[in-house]
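Residue numbering begins at 1 within each chain, and the chains themselves are lettered A, B and C in the order written.
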Amino acid sequence: MSDKILEIKHLKKYFALKNRLVVKAVDDVSLELNRGETLGLVGESGSGKSTIAYVLVGMYEATEGEILYKGGDLAKAGLYRTLKQKGEIQIVFQDPGSSLNPKRTIRKSLMVPLQVHDRGLSKPQMDARVEELLEAVGLPVEFADKYPRAMGGGERQLISVARALATHPSLVILDEPTSALDVSIQAKVISKLVTLQKELMLSYLFITHDLSLMRNVADRVAILYLGRLCEQAPTADFFEKPLHPYTRMLLSSIPVATSEEEELKPAKIISTGEIPSPVNVPPGCAFHQRCKDMLPVCSAERPVMREVSPGHQVCCHLYNAN
Amino acid sequence: MDESWKETLKRSWLKYSESKITVLGLAIVAGFVFLALFGERLVPYPEHIGSFVDFANAGGAPSGAHPFGTDLIGRDVLSRIVGSFRNTLLMGVIVLCISAPVGFMVGVIAGYNKGKLIDTILMRLTDIFLAIPPLVLALAIASVLEPNMTNSMLAITVMWWPWYARLSYGVASSLRTENYIIYAELTGVRLPHIIFREILPNCLSAMLTKMTLDMGYVIIMGATLSYAGLGEQAPKPALGSMISQGVKYMPEQWWLTVFPAIAIIVLILGFNLFGDGISNMLGTDES
Amino acid sequence: MRGMGEGEILLDIKDFSVSFDVYGKKSHVLDGITFRVRAGERVGLVGESGCGKTTTLKAILRVLPKNAVIGGGSVLFGGRDVFGMARPELDDMRRRGAGMIFQDPSSALNPVFSVKSQFLTALRYANPPGTPKERLYEIAAEALDSVMLPDPHRIMDSFPYQLSGGMKQRVCIAMTIAAGRRLLLADEPGTSLDVTIQDQILRLINKLVSEKGLSVVMVSHSVGVIRESTNYVNIMYAGTVVESGATDDVFGNPMHPYTTALMSCVPKLTGGSIAQGIPGRVPDYMNTPAGCRFAPRCPRAKGACHERKPPHAEAAPGHYVSCHFASEAV
């Protein structure tokens, strides 16, 4: 199952602001994704999780580092990728309100990728493909001639999924696809995504701030804080033995719906402090100002990622000694 | 499908007629367009619209036979006012139908490339046009060229497109960060698709609203040029030139000035109200 | 009728209904909402978007949109009917009685005025006319201190854009409590913030309630937030309260089919898998079902459900359910 499809090595993405400030949105992140796997990339605002997604789809050019997709390097390609590469890596955006053009019918929106990637298709063939795509995500064919405003948020997101599937991708980046939806709608969209993944052997990079959701859909979870990776582990391991102090604070901050979950949370770590601005990342470990277990070294030296048990990596000075 | 069309039409009407006064605007505009198309055949003295002379009835005050009076060479003022409508409408339509697409293209290309060199060039150019007082520019152009209807339209068009460039610039520069545009780029579609298929439909309602509101202003501008003698030439009637010729005979022969002036006021009021209604109708489209 | 607490009843909503006129048609949004808030109580309204949570909050402050029509029932604040109040009394209730904390703190503060000027304006109306400015400033600084903002004087001189989301929300809370209000209406107060910051805000609200004896109506779409920050909960679906009771009872032993379905859709930290969602859609408010509003989506619906509205009846001590077959579920 170590069929690597995507490998990100020491990815950096800096944005230069006016007055010489630099936002280190992504600062030395390394990740791997296997075929058919879901990697949950979790972080709060300013963590750089969406920036990673945008670099992967080619919206931004990486400042440094490598993105190996099926062996080829995408880091520098930016928008100048081949059509095939564009088709194989697809993205579903967060906001169902802005992912579809409000003035165009669903049919026209779904035809956008087909017109580019399947030029040979005749009009009836196109219509057939559109219907096929709607059926694949479990929506009625009649939706083709409706406008986005006639639909709920969940349905719009499913249409975005259908549009992403139009080019037969192997990697789909899900950028908070359900965070704007109600839970009952989220459940529908997620269960569809899970089915599609199995049917089509898709790999998902699932970007979210919702750890509870990742517990249920991800194979592995990675935590980002201010552009840096804190911890990465197989899902079960991650929730049973969270190591990084930030991960533990995050887990104990989640409001949960049942008392069984309450017991599973790590001993309550009272959330303190604010997330610093990504323009002004603290020296050493980015989290040290909010950390209960801070060591003197934390404010001076940036910790490195190390593997503490198979597949479980953590980037924290506390785990350096043993 | 038919049912949903009816439904849409009914909703649109409800939105349009939410404010009752806009219905009056619609009536004025409809009446104006009707008269512009068929007025020449309906007026009491169709031959008076051209070069007609009847010194026996010259300078006659409003009466039963001539409700708006007659002018200095005996032509019926009512007939001449109605007779000028066709050119007035034509001027508005042509000016807007040229300046809107031109402005759209300039604005959309600049807005979509916001922050790049092309944006700076196009929008500074637009700003230059906007910085010149419109009337001065139009007068300059119209006076350099031969004074006639075509050249006055040209003059107005030259100073009108920057407003549409501004409008579509705003829409395009905000839309370029919308996910569906980003998606289209990432998938590899070409620029014309993004401009005409993705951005244009989103500009359309704002442009349409502005066009109806602008109709009134274009009519004023046309009347101003013809008042200055730079529009339609005699013997054809134009509201502006009728006023400028009549004003010398104020206040004795007041009807020469007052009736064309009222016609202008009513038209502009009508188009403004109509524009408000259209804006109500298209404005809250999303809900 | 409600078992919780014995404190004074601060807010009493009885069988309250609201509809909206939409282009000549009626949209029946709230349908017979009933709940009470006693002094010192934290009451939750939980439901999905469009279920009428925010409309309920707006009704309490009488800030419903112009096209709203009250269909029946009453909203009593401190024993007085909010919709029967004369202007001065209503103003007084809004200034000193009940205050709203909004979901998005960025749009709740005006970006072009300093915190100080906005804060003092709000306080001027809430305090007797002629209260010296220095006194108002003191009250404001105390309030900022009580929401655990460090260095209140610096905050007072800041503009909203200089503060983070969490700090802005604290400022909003401070503005609400500084006027001596007894009821906080919190509309998704942590939803637009990060999880760790949301946790801080919710803990702050809980702390204020227990220290100052305030009452809270907490509105949220998140079952988890409501479970952790209220002691009494109303589950709302399509403008009706389908289940209500002590928070632990309702979430520990959900009886209404909608509550059960909703709970199954919430992703759990304990894992397992996610439910398939609830079949069907929320009903169109223009054309609501004649019987139970959940009946068209309910797996247990029978004839009666489609014909008669179920009463909000006590199914277990202190635990009320609007379902014809509530007893069968247990």
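Note that a residue touches a chain if its C-beta (ideal position, glycine included) is under 8 Å from a C-beta of that chain, and two chains touch if they have at least 3 such contacts.
The structure displayed is predicted, hence computed values, not measured ones.
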Highest-count interface - the chain pair sharing the most C-beta contacts: A-C
Per Cα centroids, the chain farthest from chain A: B
Chain centre separation (chain A, chain C; CA means) in Å: 32
Averaged-CA centre spacing for the pair chain C and chain B, given as whole angstrom: 51
Residue ranges of chain C touching chain B (in the complex, touch as defined): 23-24
Complex contact set, residues of chain B against chain A: 178-180, 182-189, 193, 197-198, 201-202, 204, 286
Chain A - residues contacting chain B, complex: 57-59, 79, 83, 86-87, 91, 93, 95, 98-104, 108-109, 112-113, 115-117, 149, 163, 167
Sites on chain A touched by chain C in the complex: 44-45, 152, 182-191, 194, 209-213, 215-217, 235-236, 239, 249-261, 264-265, 270-272, 274-275
Chain C partner contacts - residues on chain B that touch it in the complex: 11, 14-15
